[in-house]
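Here come two complexes built around chain A, the first alongside chain B, the second alongside chain C.
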Partner chain A sequence: MLFLDLTINGLIMGLFYALMAVGLSMIFGVLRIINFAHGEFFMVGAYTYALISTSFGINPWFTLPMAAMGGALLGMIVERTLIRPLYDGYRSWSFVKDEYAVVVTFALSLLLVHTVDKVIGPSPFMGPSLFDLKRIAIGPIMLNGQKLMAAGVSIFLLIGLAIFIKNSLWGKQIQAVAQNRFGAALAGIDPIKTTSLIFAIAGGLAALSGALLSPIVNPSPDIGSFPAIKSYIIVVLGGLGSIWGSMFAALILGVLESYFAVYLSYDYRDAFGLLILIVVLIFRPQGLAGQKGREV
Partner chain B sequence: MNSSSLKNSRLWRNRLAYDFKCFFVIIFFLCLLPLLQLSDYTLGILVVAMYFGIVAMAWNFLAGYCGQFSMAPAAFAMLGGYIVGLLDFHAHISLWVSMPLAIVGTALLGLGLGGLVMHLKGPYLSLTTLSFAEISRVIISNSHEYTRGDQGLNVPTLMTDRISYYYFFIVLVVLVGGFIYSLMRSKFGGFLLAIRDDQEGAESRGIDVTRIKLIAFAISCALCGFAGAMYGSFSQLVSPEMGLLQQTGLVISMVVIGGVGSVTGPLIGALIVYLGSEWLRDVGNIQMIVFAIIVIVFARFFRTGLWGLFSQLMQRYLGKSASS
Partner chain C sequence: MKINPFFRTSVLALVLGVFTLQGYAADPILIGLSITRSPPGSVIQGTQIKDAMEIYADMINAKGGVLGRPIKLLIEDNQGLPEKGRSAVEKLITKDKVVAITGAHQSSVCLSEIEVAHRYQTPYVNTNCWADSVRVKGYPEVFNTSPYNFVVAQSMAQTLEAMKVKRVVAFAENTDYGIGLAKGVGEALKSKGSNIEYKFETLDRASKDFTPAILSLKSNPPDVVVLTMLPPGAYIALNQLYEQGVAASPKTLVYDGAGMADYPDFWQNVKDAGKYMMTIGMYHPDMKLNDLSKQIAVEYKKRTNNDPNRLIYQAVDSLLVVTEAIRQAGSTDSAKILEAMRKGKFDGARGVMTFDSTPGVAFQQWAAIPYVNYQLTDVNQAVGKTTLLQGPGLPLNTTKITFPKN
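Then we have the complex of A and B:
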């Protein structure tokens, strides 16, 4: 039953990708920019989690929310200092907006990676497990205890986020601002506060993804680059700006990757994402959930 | 009034000509530099700075003039270097044959990658090139049997002498700068600027936006590939490290600090950033931290970079303008 095993493990990886990609997609939906520092939210989460739990010996279940708060705080600081001029000042300069967003978020990503590299050091270290059981067998499926726990937490978070966006007042504000920023402002929604909230959610979720994966992947300063690239592929696959599309696409990518790594080639498993990206761009450039002809 | 309007410093043509004159002033000083009896080590640093200058000019050609943001300049330089290296390693083809092949190969890769995304609006180009850059680097470092992985490949050298390489790279910089200048003077350059400033407007005036963007991207990739091949032959080694995102970060810093949308800006930026990063590496390996902060500050407050500040000063004191 290798196939079932791979599917489940792929779905679990997909859940972690989804935690990152959803934030990226929300940011794109509201501001029409890509946050190239998204992988660094992941990295900050992994480091906060691993450092606090190992150096103070705090139960990992308490450091997990701390990592999320660290990521959320970082997201809000980034929004306040770097992203806000995008929609406050340069409103009429459309190409300058793209230029500014690309340059600033990319520079921020390098800044965070190299600051962590300098301050904490380049060598990777491991975060503590949430659940101390090396192997669990559920029927024919072999699972790592940490992975199972982390997957549970991610499912809980993703469902929580879906309910939050669909039903809560803040979630409805996010939807409104994503649809029409100006119209939302006319209806009495503060777009600035909403954008800040979106960055906090995006940062927090990416950081949680990093924290949950840190016992498995051994965080080093550049750990965020591959999850970030996966989530760029996912947001294109899911349709830029679509939250549900990116959740779904993350699961698809996770499963396909896990098949690819076993059935075709383990060494080139990361390259498979590019192949998917190319196929999507050729056959369905608007992504799975995007409408055709929609201006993005 | 008529003759003065031809000399109007706000005209794009005149700004570009002024820009190109300043470019030659810098080249002139670069030519004189070896008179200071520089060591081979310093000359080597200057050569690498000029390699980055070419890549920065190529990136600026796409980003500053056409408004399209590729995240793979360093990756295309790496690929150009690897085309030369692989052809030498497996087929012992001389550099004079493999170098044009590197240009053509990277241009074709650029056409293929650009063909996928250029008809789409939005950040697709940045996303795709970023994924392409990271994944092509991983493929190269994983394919041990063909590329020797992280050890890198040897590349044949053209000349043994540092000083002749130095002047050779000056010639290359002049060629690339002149090429970009002549393109920007032509109608094609006008199309690029129109697309950058208003894509819908350009489309409505009958410009084939997708095709022009695609050609610009392919030219930019080919220039990067060319620079990478030449760099490989200078350092006699190409390795996957040439394509690190950090290198792309350096290239973007050079353009943003030097000045987006000019010929001189990226060259000044490349010289300043590369020499500065060599110095900061000695200080304590903090070059990327410092440059990332400088880039954020420049992008936020001095969008036109050093070149823009310089030409504003010139305008104030001499009545000349050259910013774009």
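Then we have the complex of A and C:
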């Protein structure tokens, strides 16, 4: 029974990790940069959801899309003001592209954490549940109602995202820009609009993830560091830039962490994720679903 | 226009004289505070300590200061990180020339800061670092008005024994405080010859999911789950214990060893999961307040709109020890202040403080620190309305302990 409990709990955690990590993976897939402020999109979503719901007494089901829109808007603003210089009209910057991306996104991360700390305050802030029942017994398995609801919403969103990327015109444009930015532009795709859309989706998903987990993780200003670190592991584990790989890796990580914590040692639970990462990088450097690349 | 040289010289002399006199009269006594003002450390604790110390400094200054000089607090943000704490204390001592350091509230930070204070032989008054290792080092510069793990562990072990429980599991955060207290409870049980089966599990304080550790208790729940964790990790653990039906339950209660029930954000973050939790408290409204603590309570409520908790009084007591030691020494010389601290009696917000000189866990510790044990029996319950299991200095009454019916 413990094994089943651990598997279900691990899969649920994996779904939350996946929701965070796909956005990061999409950004890397298109721009080849790591967004170090990605965790703060999560934090912004968690706070938007919790504050609007509790301060104005609005039903959490309505504040959920508001949080997602807040994250999407933030993503678009970040792309327009901080990221666009990387690829639009600043060709001489190309040799410092990676350094610029690291510095600017890291600075943004610190700015957002400290702004929320000073403006809203340092205390943890539990958001309202979407589902009022805290304990739900499904046979011998005990689940948190909010966790169950959040997992359901996450599955719906991840499937929706997969269909959107695969079948919609915008999704195909995203794939094209990720494969070859210049070639996509020659074919008439606007890579700037596409990149802006990717940041909006990434910000929206991370913020939604924050909002869904807000009643579970008691967000405080530095809450973003926890999902961000997991996301970095997942993105590399799944294969840099591979959305499917990230989803798969997130579920595997969630479940394996759960088993490891109980059957081996809780002390090293988070280190275990890094251990898996090292092993995968040694034997399959392109990640679980990534493709081998060659420098030319 | 030509200015008369005599007039010019007179004006210059007057201006210089006024500035010199002003400088002399207002030359403040500088006291350094190294506290957490930004994440990842506990900003909420840092803020409470800052607020309380500013209230007390204002009270002293309104009465003419110490030795005729005003008190000025210089605040450094250590972010709850040991390396930041070390450099904050180094700066306060060498650049700002403070006469003493106080305000520390996280054991790991304390342990790095006292090395610096010891090197410069600067008085250091610990406000809220519970780890015994802070005392065991035996540094003559370090005085402790904070609660300490040894006495908390003894009290918790005594409570567990009195409850006649058979099996106890502790969840300890991976800090000097958390592991130290969890080990301390085990040692205290052993020293009492207890038959209680006790073990502790270390949890990462930054983690947001403790469910795997909790799931392993589900098939055979212990009688008590001891938490030696601080918020927000402690809130998450408490919520997840409740969600999984492990505690509180008709069989299992949670016993908090951090005194978190009087944190201003406690109920907002735990809701139903906080009901039936037992806790050791370093302050309870049933404790007798003296004039000083009453004044502090009124002013703290006025300034922050919050009720005072134990951290407010601990902060006041730490600053009080520094200022009173300066007053008793009649000097701001470090050696004289330390001597005054060793020999003096300090009438603080929580009682009369003296410092033990016996080496070990209570070295330069206010050993007779008051504490209580109480149980929360309703959601959103104020501390004053909780069930007092053990009043200050009184025996424990376990018959008052309540279990949930389902």
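As a working rule, the second predicted complex is superposed on the first by the 284 of 296 C-alpha atoms of A that agree within 3 Å, B and C clash if a C-alpha of one lies under 4 Å from a C-alpha of the other, contacts with A are read in each partner's own complex, and residues count from 1 in each chain.
As a convention for this text, contacts are C-beta pairs under 8 Å (C-beta built on N, C-alpha and C of every residue); 3 or more make two chains touch, one makes a residue touch a chain.
This one's a predicted model, so the numbers in the text were calculated from it and none came from an experiment.
K.L.:
Under the superposition described at the top, does placing chain B and chain C together on chain A give a clash or a fit?
P.N.:
Result for chain B and chain C: clash.
K.L.:
With the two complexes superposed on chain A, say which partner A:Ser196 touches: chain B (first), chain C (second), both, or neither.
P.N.:
Touch status of A:Ser196: no partner.
K.L.:
Is A:Leu274 in contact with chain B, with chain C, with both, or with neither (first, second, both, neither)?
P.N.:
In the superposition, A:Leu274 touches chain B alone.
K.L.:
Considering only touches as defined above, state whether A:Thr7 meets chain B (first), chain C (second), both or neither.
P.N.:
After superposition on chain A, A:Thr7 lies in contact with neither partner.
K.L.:
Kindly classify A:Ser123 by the partners it touches after superposition: chain B alone (first), chain C alone (second), both, or neither?
P.N.:
second
K.L.:
For A:Ser225 in the superposed arrangement: first (chain B), second (chain C), both or neither?
P.N.:
both
K.L.:
Contact-wise, after the overlay, does A:Pro285 reach chain B, chain C, both or neither (first, second, both, neither)?
P.N.:
first
K.L.:
Regarding the shared-chain residue A:Gln175, is it in contact with chain B (first), chain C (second), both, or neither?
P.N.:
neither
K.L.:
A:His114 contacts which: chain B (first), chain C (second), both, neither?
P.N.:
So A:His114 meets both chain B and chain C here.
K.L.:
Using the superposition on chain A described above, determine whether A:Val103 touches chain B (first), chain C (second), both, or neither.
P.N.:
The first partner, chain B, only.
K.L.:
Superposition on A: which chain B stretch among 40-48, 130-138, 184-192 or 310-318 collides with chain C?
P.N.:
Among 40-48, 130-138, 184-192 or 310-318, only one stretch of chain B overlaps chain C, namely 40-48.
K.L.:
Across the two complexes, find the residues of chain A that touch chain B and also touch chain C.
P.N.:
Common to the two interfaces on chain A: residues 113-114, 225-226, 267, 270.
K.L.:
Across the complex, what residues on chain A touch chain B?
P.N.:
Contacts found on chain A: 28, 32-34, 36, 82, 85, 94-96, 98-100, 102-104, 106-108, 110-111, 113-115, 118, 225-226, 229, 232-233, 235-236, 240, 267-268, 270-271, 273-274, 277-278, 281-282, 285, 295-296.
K.L.:
Along chain A, where are the residues that touch chain C in the complex?
P.N.:
Checking each residue of chain A against chain C gives 1-2, 5-6, 9-10, 13, 113-114, 117, 122-126, 134-135, 137, 142-144, 147, 213, 216-218, 220-223, 225-226, 257-258, 261-262, 266-267, 269-270.
K.L.:
For chain C, which residues count as touching chain A in their complex?
P.N.:
Within the complex, chain C contacts chain A at residues 38-40, 42-44, 46-47, 174, 201-204, 206-209, 211-213, 215-216, 218-219, 231-232, 235-236, 239-240, 242-245, 264-265, 268-273.
K.L.:
Report the residues of chain B in contact with chain A in the complex, numbered from low to high.
P.N.:
63, 67, 69, 71, 116-117, 119-124, 126-128, 130-132, 134-135, 138-139, 142, 196-198, 245-246, 248-249, 252-253, 256, 260, 284-286, 288-289, 291-293, 295-296, 299-300, 303
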